[in-house]
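First the structure, in the form of structure tokens, and then the observations on it.
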Amino acid sequence: MRPSGRAPNQLRSVTLEPTFNKYAEGSCFVKFGNTHVLCTASVDKKIPAFLRKTGKGWITAEFGMLPRSTHIRNDREAVNGKQRGRTQEIQRLIGRSLRAVTKLTDMSEIQIKIDCDVIQADGGTRAAAITGSYVALYLAFKNLISSNVLSVMPLTGQVAAVSCGIYNKIPVLDLDYNEDIACQVDSNFVLNGIGEIIEIQGTAEGAVFTKDEFLDLLDLAQQGISNLIELQRNVLNL
Amino acid sequence: MRPSGRAPNQLRSVTLEPTFNKYAEGSCFVKFGNTHVLCTASVDKKIPAFLRKTGKGWITAEFGMLPRSTHIRNDREAVNGKQRGRTQEIQRLIGRSLRAVTKLTDMSEIQIKIDCDVIQADGGTRAAAITGSYVALYLAFKNLISSNVLSVMPLTGQVAAVSCGIYNKIPVLDLDYNEDIACQVDSNFVLNGIGEIIEIQGTAEGAVFTKDEFLDLLDLAQQGISNLIELQRNVLNL
Amino acid sequence: MRPSGRAPNQLRSVTLEPTFNKYAEGSCFVKFGNTHVLCTASVDKKIPAFLRKTGKGWITAEFGMLPRSTHIRNDREAVNGKQRGRTQEIQRLIGRSLRAVTKLTDMSEIQIKIDCDVIQADGGTRAAAITGSYVALYLAFKNLISSNVLSVMPLTGQVAAVSCGIYNKIPVLDLDYNEDIACQVDSNFVLNGIGEIIEIQGTAEGAVFTKDEFLDLLDLAQQGISNLIELQRNVLNL
Amino acid sequence: MRPSGRAPNQLRSVTLEPTFNKYAEGSCFVKFGNTHVLCTASVDKKIPAFLRKTGKGWITAEFGMLPRSTHIRNDREAVNGKQRGRTQEIQRLIGRSLRAVTKLTDMSEIQIKIDCDVIQADGGTRAAAITGSYVALYLAFKNLISSNVLSVMPLTGQVAAVSCGIYNKIPVLDLDYNEDIACQVDSNFVLNGIGEIIEIQGTAEGAVFTKDEFLDLLDLAQQGISNLIELQRNVLNL
Amino acid sequence: MRPSGRAPNQLRSVTLEPTFNKYAEGSCFVKFGNTHVLCTASVDKKIPAFLRKTGKGWITAEFGMLPRSTHIRNDREAVNGKQRGRTQEIQRLIGRSLRAVTKLTDMSEIQIKIDCDVIQADGGTRAAAITGSYVALYLAFKNLISSNVLSVMPLTGQVAAVSCGIYNKIPVLDLDYNEDIACQVDSNFVLNGIGEIIEIQGTAEGAVFTKDEFLDLLDLAQQGISNLIELQRNVLNL
Amino acid sequence: MRPSGRAPNQLRSVTLEPTFNKYAEGSCFVKFGNTHVLCTASVDKKIPAFLRKTGKGWITAEFGMLPRSTHIRNDREAVNGKQRGRTQEIQRLIGRSLRAVTKLTDMSEIQIKIDCDVIQADGGTRAAAITGSYVALYLAFKNLISSNVLSVMPLTGQVAAVSCGIYNKIPVLDLDYNEDIACQVDSNFVLNGIGEIIEIQGTAEGAVFTKDEFLDLLDLAQQGISNLIELQRNVLNL
């Protein structure tokens, strides 16, 4: 029995609110239950030095959590003077995931900076951030096409993410915080619109898991992500 | 004529949404028109070293702006490794303003940490932050009283803030971004519930102003803030 | 009765020693009683990026306090690895104040860097710093004119500053440290040579003040600053 | 055909040199072909604050690469003033992997700090670091048992790691640098002594992969890691 | 011929102004010609952790240069966020030099923090800093004895320093800036009151020197320092 | 009697292993007994700004100690976010020493970056680092000549270093850790191939020494360094 009463393969209520921000070229406010993340996509005419004169663009991401997005207030990273290791891990993952569905050579030496800021965290923040960032990124590209900066859509497919874990020995989809802190295995799956794998992370701190258990988690993820992909298509009218 | 079509003494539409955050002891999502600020008040049992064994509590504040809260994306302070001077100025102002209406000796060696995070900026961020933080702080204190941690309400009055300026030679209330970048004089007023002054800041970069002009601004501020005070009373049922 | 025995509207003994430093293009060692500040103005051929090719110049300021300029030794900011919030507030104020009396378009893409270093602090450090920096800046501009780098004096007027406060319920001019830590209201005024306002800051930590009290402080400031303006004229032979 | 001429399921020549360092409680110099990593395990009587008075111990890891461990010299992190995101990702992975085979409640509030420093990098640095760190950690625990600080061996099993990838469309084991930069899929597997999964990371930057491809990689990893486990047993006389 | 017209073995005009600072327990404003350094000695009841419960005290030093103490303005270290390597070298030297003439076991777990801040630099800053710091330190100790915190003077002798170099092939005493940048060999000598050596540093960037040349420099240093020792005795009435 | 049983003028066993690193243009693994240092020389086509368009090259050095190179584990500087003062002192010394035997005008606007990383420390780390770096530098220059980037060897001579000290009142050569922590005087000598002095550092913390004692140390250093110079010639076939 899950603390939330959900079925093992049941997502939390997920909503995607596009264009919540009046300045960003693309934006999306994503909620996975009580996990709330603001995602913006900002167009930057400057690309990293290693891409200059290559004709390629770039997508990078930054991630942050408001100090009181969590049960206990966390120190503000800007005050500490550095980002935590976990923050850097997540923002690198978001960037890789979005680049995996983008044809960089269609971006014409433009950089898109994704910002994912968690205003309330209840597990699955990186999954929500990836799922919402795709929407923000799509909208930013559409803006660049409307304004004739780009001529084709650089996105080659959709991308969404979900966490899965083994909780009370049962594989479950879309862990919330109560499950996250008590589960034996914690994994994150980033898949594209047709269920292929972009990124897999599976961790068993203080435990282990078998190949079969891992395949169960992957099955759950494929089910859940197909729903997220559908939701993205709805808000973007794809 | 103001860009927004407002009368010189007209506030933008202001809303205060208390308890937007499910974890914080007190919280308020404040909007001054298109300026949107999330305010949380977090109880911390540890007080600063200089107050230990004095029986006094403390209120401190931190301020941040999401990178794409602005027209042009700003660097993330956590990535830069330090807070900007402007950020520090504002968070110090928020802390002083709230302490000015709090009897620290009634706080029983508890610290409240205020976090104000701007998710969209259209001028007046510090004023909105102070106005919303008061609500978050009040709710946190009420929580501490309900749970018998405190026996009396440490707040001795209300506090709210607004910016005023001279725009096209006319004193106007509650500057938005278009006015802010074009005005000759920019000032911020922090007043208590009966119109007394807690903090005044007036700046004329590349210009000057007279005593009479300053008094006009103060008059506008007193009008505007009495409305903000009323709004606070409504949402808090005071 | 003031701790120093001064009348409420009496400045401390103020001295301005121009050209104390043999390298700087302009310099002034300013004393407000026991508050001693070294001010230098350094010409820099590089201007900030946002001003390149605009024909405009820039004035910026940095502020510091020697570790033992205070009663109790303060940590050295260079060792801590960052400037305090208060330091940043003050150096931003100094820069704004000087730019308010300078026609940047007459500076020909030159930057002047002001350094104010407090070697002994007894209240009013930012007021002394602004008052002395004006002298240093004037001398630097004169040097640039003598050497035919500039053709006209970019300064459009003088600027000086003083702090005022309400001490034992009486408005007093030019607070020293003993008054500063005990006063109900602390304010800083930056005025130009004809008494117009460039910057006003009034703070009542743990208290409030009325419009009339504020006007009393402004009156004191105008008196005091007219004396400082006169002193500047004397040392500069204006 | 692999650049090195190896068969798809062939490890590079792997050596483990225990106790290369005369001070550390445990140490191992590990080589995966031209990837050379120095691993030390240092006993620290201080544990992190969150574990005090719990009876539990802790294992943490730090990772670094000498500036010229790579083809092109990298900036020294100590000079830059911060660790890269990739560095933090790796050191967190090493710590989790070792804790997964350790019974922390048998460590008696002792902390072991693992340091992995790469002196030459040719792909697979994190895999080599984990494989070598296990040896260093085992030796440190044996030392603590010999000196009667611990009474039982806290390790509950072995742990080793290897990278696998899809290179020229063929799944291959133990990627070297030439394969790493050209492969479509890059994955790291951390397994225990009986082939169970501790951590899985699979990344397809600019590509995707299927479940079957992933299972092929896992198969390779299980073969390769069983060899590494055997090598560890040999040098430790298990 | 030296640029200043001095004889090879001639010091610049040296002055020591004790107690220039009204707060510090000991202070001295030292001038070696146009090199001007403010030295303060601050008593700190907290000693470094490694000395707690040993009965020993400690002396540490910090060094800084005002940004425009030099011909060309230097960046402010507090703005850069770190001290330069040269700064750290010098402050470590000052601390060692003073500890060499102090019986730490007579300091009763008190720490003295020396601050040396250069307000104008014309060569020989570290030598001036050491020479002036001794005076500040002596005065601080005298204060501690007067106030019965210490019962005996912990200083076991005097210490002073001077730079020497080979300029135009001739060994000269007390290099000024013009000599410093042009000399073949640059050395610093720290000697005690009877000419014994506490610290020697000799550097030949882009050149070399012989034992005999070095002995010539040492001879000059012994002459010069005996004068500095005498000056210290005069201002301290020893 | 020395703890190691060596004669007063006896070096530890010294070995120089050239080209230990497969990527660096020059490298040397140097051992002075149990002090083990990895030295690499990396060619960098970018030179510091102050040398652009001068036709000159540059040599710079960075130094580091692995956390467990010492008896007690030291904090990792990259984690602390800054290099220690001692580290900076040493890396500046290495750079100066190598530049002293290099004709920078023969380097053709190329920079060589030396990295010295201590993997085990038993006293004399800076001396070993300088001695080994010379070998790495020589090899890098030879590479640049072979590849026709440089036409002449910029090195004008050899350089090596050793520490000497007064231990139990006897001058001894090449201090190991046990002697280092117990000696009255600690000095480092950097000499060229014919015994001339490049750099001298002598320190007597809590003690003093005389000219004659210093000359004894210099004599020892000249003996020891002539052996190191010979060793360098052997491995480089000079």
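For reference, chains read A, B, C, D, E and F in written order, and residue numbers begin at 1 within each chain.
Following the convention adopted for this analysis, contacts are C-beta pairs under 8 Å (C-beta built on N, C-alpha and C of every residue); 3 or more make two chains touch, one makes a residue touch a chain.
This structure is a prediction, so every number in the text was calculated from the model and none was measured.
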| item | value |
| --- | --- |
| Set of chains adjacent to chain C and to chain F | E |
| Common touching chains of chain D and chain A | none |
| Equivalent of A-D within the choices C-E, E-F or A-B, defined by over half of its residue contact pairs recurring | E-F |
| Centre-to-centre distance between chain F and chain D (centres being mean Cα positions), rounded to whole Å | 33 |
| Chain C and chain D: spacing of chain centres that average the CA atoms, whole Å | 58 |
| Rounded Å distance, chain B centre to chain C centre (Cα mean) | 28 |
| Shared interface positions of chain F, touching two or more other chains | 81-82 |
| Chain contact topology (line, ring, star, complete or other) | ring |
| Cyclic chain order when read starting with chain E and heading to chain F | E, F, D, A, B, C |
| Contacting residues of chain D [partner chain F, same complex] | 21-24, 27, 34, 38, 40, 42, 44, 62, 64, 66-71, 73, 76-83, 87, 113, 115, 117, 119-120 |
| Touch list for chain F against partner chain E, complex | 82, 85-86, 88-89, 91-92, 96, 99-100, 104, 187, 192, 196-211, 214-215, 218 |
